[in-house]
Structures are given as C-alpha cells and as structure tokens.
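Chain naming follows the written order as A, B, C and D, and within any one chain the residues start at number 1.
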Amino acid sequence: MPTDAEQACFEAGIKFGSLYHQFAGTPVSPESAGSLGRAIEEAIENQPHCVDVDVDVRTDRIAEELAARSADYTELTGRFLDVEMRIEYADVGVRTRMEMEDDYPLMKLVAVEE
Amino acid sequence: MPTDAEQACFEAGIKFGSLYHQFAGTPVSPESAGSLGRAIEEAIENQPHCVDVDVDVRTDRIAEELAARSADYTELTGRFLDVEMRIEYADVGVRTRMEMEDDYPLMKLVAVEE
Amino acid sequence: MPTDAEQACFEAGIKFGSLYHQFAGTPVSPESAGSLGRAIEEAIENQPHCVDVDVDVRTDRIAEELAARSADYTELTGRFLDVEMRIEYADVGVRTRMEMEDDYPLMKLVAVEE
Amino acid sequence: MPTDAEQACFEAGIKFGSLYHQFAGTPVSPESAGSLGRAIEEAIENQPHCVDVDVDVRTDRIAEELAARSADYTELTGRFLDVEMRIEYADVGVRTRMEMEDDYPLMKLVAVEE
C-alpha cells in the first residue's frame, strides 16, 4: 500500500499538471495577468487536499516578450508562471514550486512534512 | 474576397471557440465562479477585434449540481456559462451570445451591424 | 438577420478557436506528431458544419526546436501547426487556413463560396 | 529531502493532471474515440519518467450518452476515460489508474515498487 506521504505527493503532482495544462495557452497581457493569476489560484484550490495555491503571473516577462515582438498579448506558458502550492493529505503536508530551469518549467517537490 | 461583415463574423467565431475550449474543464465552485468569470472576460478581450466580453458563470446551476452530487466542486462546462461578446472589424460590429439549447451550449450570431 | 455566408464564417471561426485552444500546450515530439494531428482532425470534424479538417503537425519545426534546446519534447503551439478547414452552412462553403505571419498563428478566411 | 518513491509519486500525479486537463472538453464520438485515445497515450508518454500510458476512450458510454441526447458528438470527460499509467523514477516504479467512483473520475496510486 502506498504511504500517506506517497499519496500526498501524488496529489501534489495532480494539482500541478492540472494547473499547467488547463491554463497554458490562455491569451494574456500585463493588464489581464492579475485576474488570470487569481482565477488559477481559486480554481485549483477547489481540488481535494489542496490548501493553498499562490500564482504570480510574471508581468515583467510578458511585457518584455511583447516589446520584443511588438505584440499586444501572448499565450500563457511556463516562463510566465511562478507557482507555490501546499497540499495536505492525512497528516502529511507537501510544499511544491514551479520555476524555470534551462527554459523548461520544472515542477518541484520542495518538502514533505509529516 | 470575403466581405468585412464575413471577416467580422469569422473573428467572432474564433473568440467563442477559444473561450470555450480554453476554459472548459476548469475546476469551479460557487466561491470561485467570480474570479473565473472575470479572468475569462479579460483573457478573451486581449484577442484582436474583441471589444467586450461579458461572462456570467452560473453559480445557481453550479450549486444545484453540487447539491445533487454531494460534491464540493465541478468542472466548467457550457451549461454553467452565459456569454455575450461584441466584435468590431473595420466598420462592422458583431454581437454574439452563448446560451443553452436542448442541452447543448449554442453559440449564436445575434446581430451584424454595418 | 445574419446571412448564410455570415453564419458560415462564424461557424468557421468557432472551429479554429476550438482547435487551437483545445490542443495548444499538448506535449509533442516528432514521434507523436502524427497521432496528434490525426486526433485533432477527427475531433474537430465532429463539430457541426465542419466537413473537412487537414492538420499538418510540423515535425521539421519541432525537430529544429528540440535540437536548439537539447530537449526531447515541446508543447504544441501555433508555429507547429498548418491547418486547412472546410465548413459548409446552408448553401455556403467556407475555406480557411492557419499559417504563421510575423510569429503569430494567423487564422484566415480563404474563400466564401455560395 | 523527498525520497525517490515520493518523487516518483509526484511525477505520476503530474502526468494524470496533465492528461485530464489537456484533453477534457475535446469533441468526441464513437468514430473519433480511437484516434483520440492513441494521441493521448503518445502525448503523455513524451513527459519525463513516463514509460507507459494506456487509454481506453469508452465508446460504449459515449454511444449511450449520444443516444440519450440524440446528439452526434459530446465532450471528453472523466466518465469516458479508463487510464492506466506506469512511471519510473530512479529505481522506483509507480502504477496508477483512473476510474469512476461515485460519478467522479478518481485518480489512484495502485502500487509503488522499489
């Protein structure tokens, strides 16, 4: 049988995959970044065992890309997202983070606390 | 060559398909409905020729479904969405609406105004 | 009342927005490009008034990006997609195409034929 | 530090969340179910540590729903999906499954094997 810590980590992974693949591709600009970040947080916090989601849609990086391309908006992708999440399953707490590493949005287990 | 009115209607359709297929499946509850609706509006308003998007995420229908299933949240789908949109292309304005018809979320051209 | 040609163009737009925002973000490699392209075609052909969808997932451009980033896979986005679609509504046929223009995946009305 | 087994379970969760939220909402019929299932398998198998994905898009349940609604197609959702997945991380193998439980598509850790 999987342990509670393993179940907690599985649940944490589900939330990250959900968050990314639900919202990647959304049209986004510096002006709409705030409402999108808040909607992502509240949407994913609905999922079981998810106690806190903190999303920072990086308006600085979006603005930089728009300037480079003379565009008004772009699509949400990993490099525009900083995410921290806290999952609780039974007596286990899991902290996770998504950050860019070598141009790839890496989802990381930060800590598993029993 | 397509007319401006035809181009405007094509643009209006793009926005509807985008809205629906980007956000369908998002975890939603009565509590998170407001932030999701606002994020959808601001995301789609980024797209070219889209001057106004009005989204009502139907908390009444969500609450009803959650009660029926003893659930805490569900997934966004057509019957939880009332949408009105206004598109402008060249001198043509297009008004569109999405509403349920026979259990199918029907996207409709309401008016094409030159 | 919108004309049949305008309705046809609206329907054509819906299919394009659906196609793009349903599948953008999908993990893709040269090896999986074929099955993804076929699934996109058959999925969108289910939609009303959609008589033919032809999708070319550009393995050449995917391979080029993977080589540049030393990666094994990437995410589906507009520059990896060439799409042609045919819509019929009442007696009107609409041909559409998506192609890259200035780094932006432009969805175009090619012809409206009555 | 998280253990290899915990990392493996986290990776397994990511794949499930990705699979579900990328493809939920896709237009599907009994005729297009096969190509969609294959595309899902090959797309998710691109992701790191994912050695095998087996997707059965349930044409029987789709056909039943279409008959009940006199419709030609519907949208992909949890009750039309049976999924089994195998993840390997370091020396740990994880088997997972998605199946319906009380009308909710439950993603489950089946076994964690070191």
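In this section, a contact is a pair of C-beta atoms (placed from the backbone, for glycine too) under 8 Å apart; a residue touches a chain by one contact, two chains touch by 3 or more.
What you are looking at is a predicted structure, and each value in this text was computed from that prediction instead of being measured.
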Candidate from A-C, A-D or C-D with the same interface as B-C, over half of contact pairs in common: A-D
Pair joined by the larger number of C-beta contacts - A-B, A-D: A-D
Geometric centre distance via CA averages, chain B-chain A, whole Å: 24
Centroid spacing, where centroids are CA-atom means, of chain B and chain D in whole angstrom: 27
Rounded Å distance, chain A centre to chain D centre (Cα mean): 20
Per-residue overlap in chain B, given as positions that touch at least 2 other chains: 18, 20-22, 25
Touch list for chain A against partner chain D, complex: 2-3, 5-7, 9-22, 96, 107, 109, 111-112
Touch list for chain D against partner chain B, complex: 20-21, 24-25, 69, 71, 75, 77, 102-104
Partner chain A, residues of chain B touching it in the complex: 18, 22, 25-29, 31-32, 35-36, 38-48, 72-73
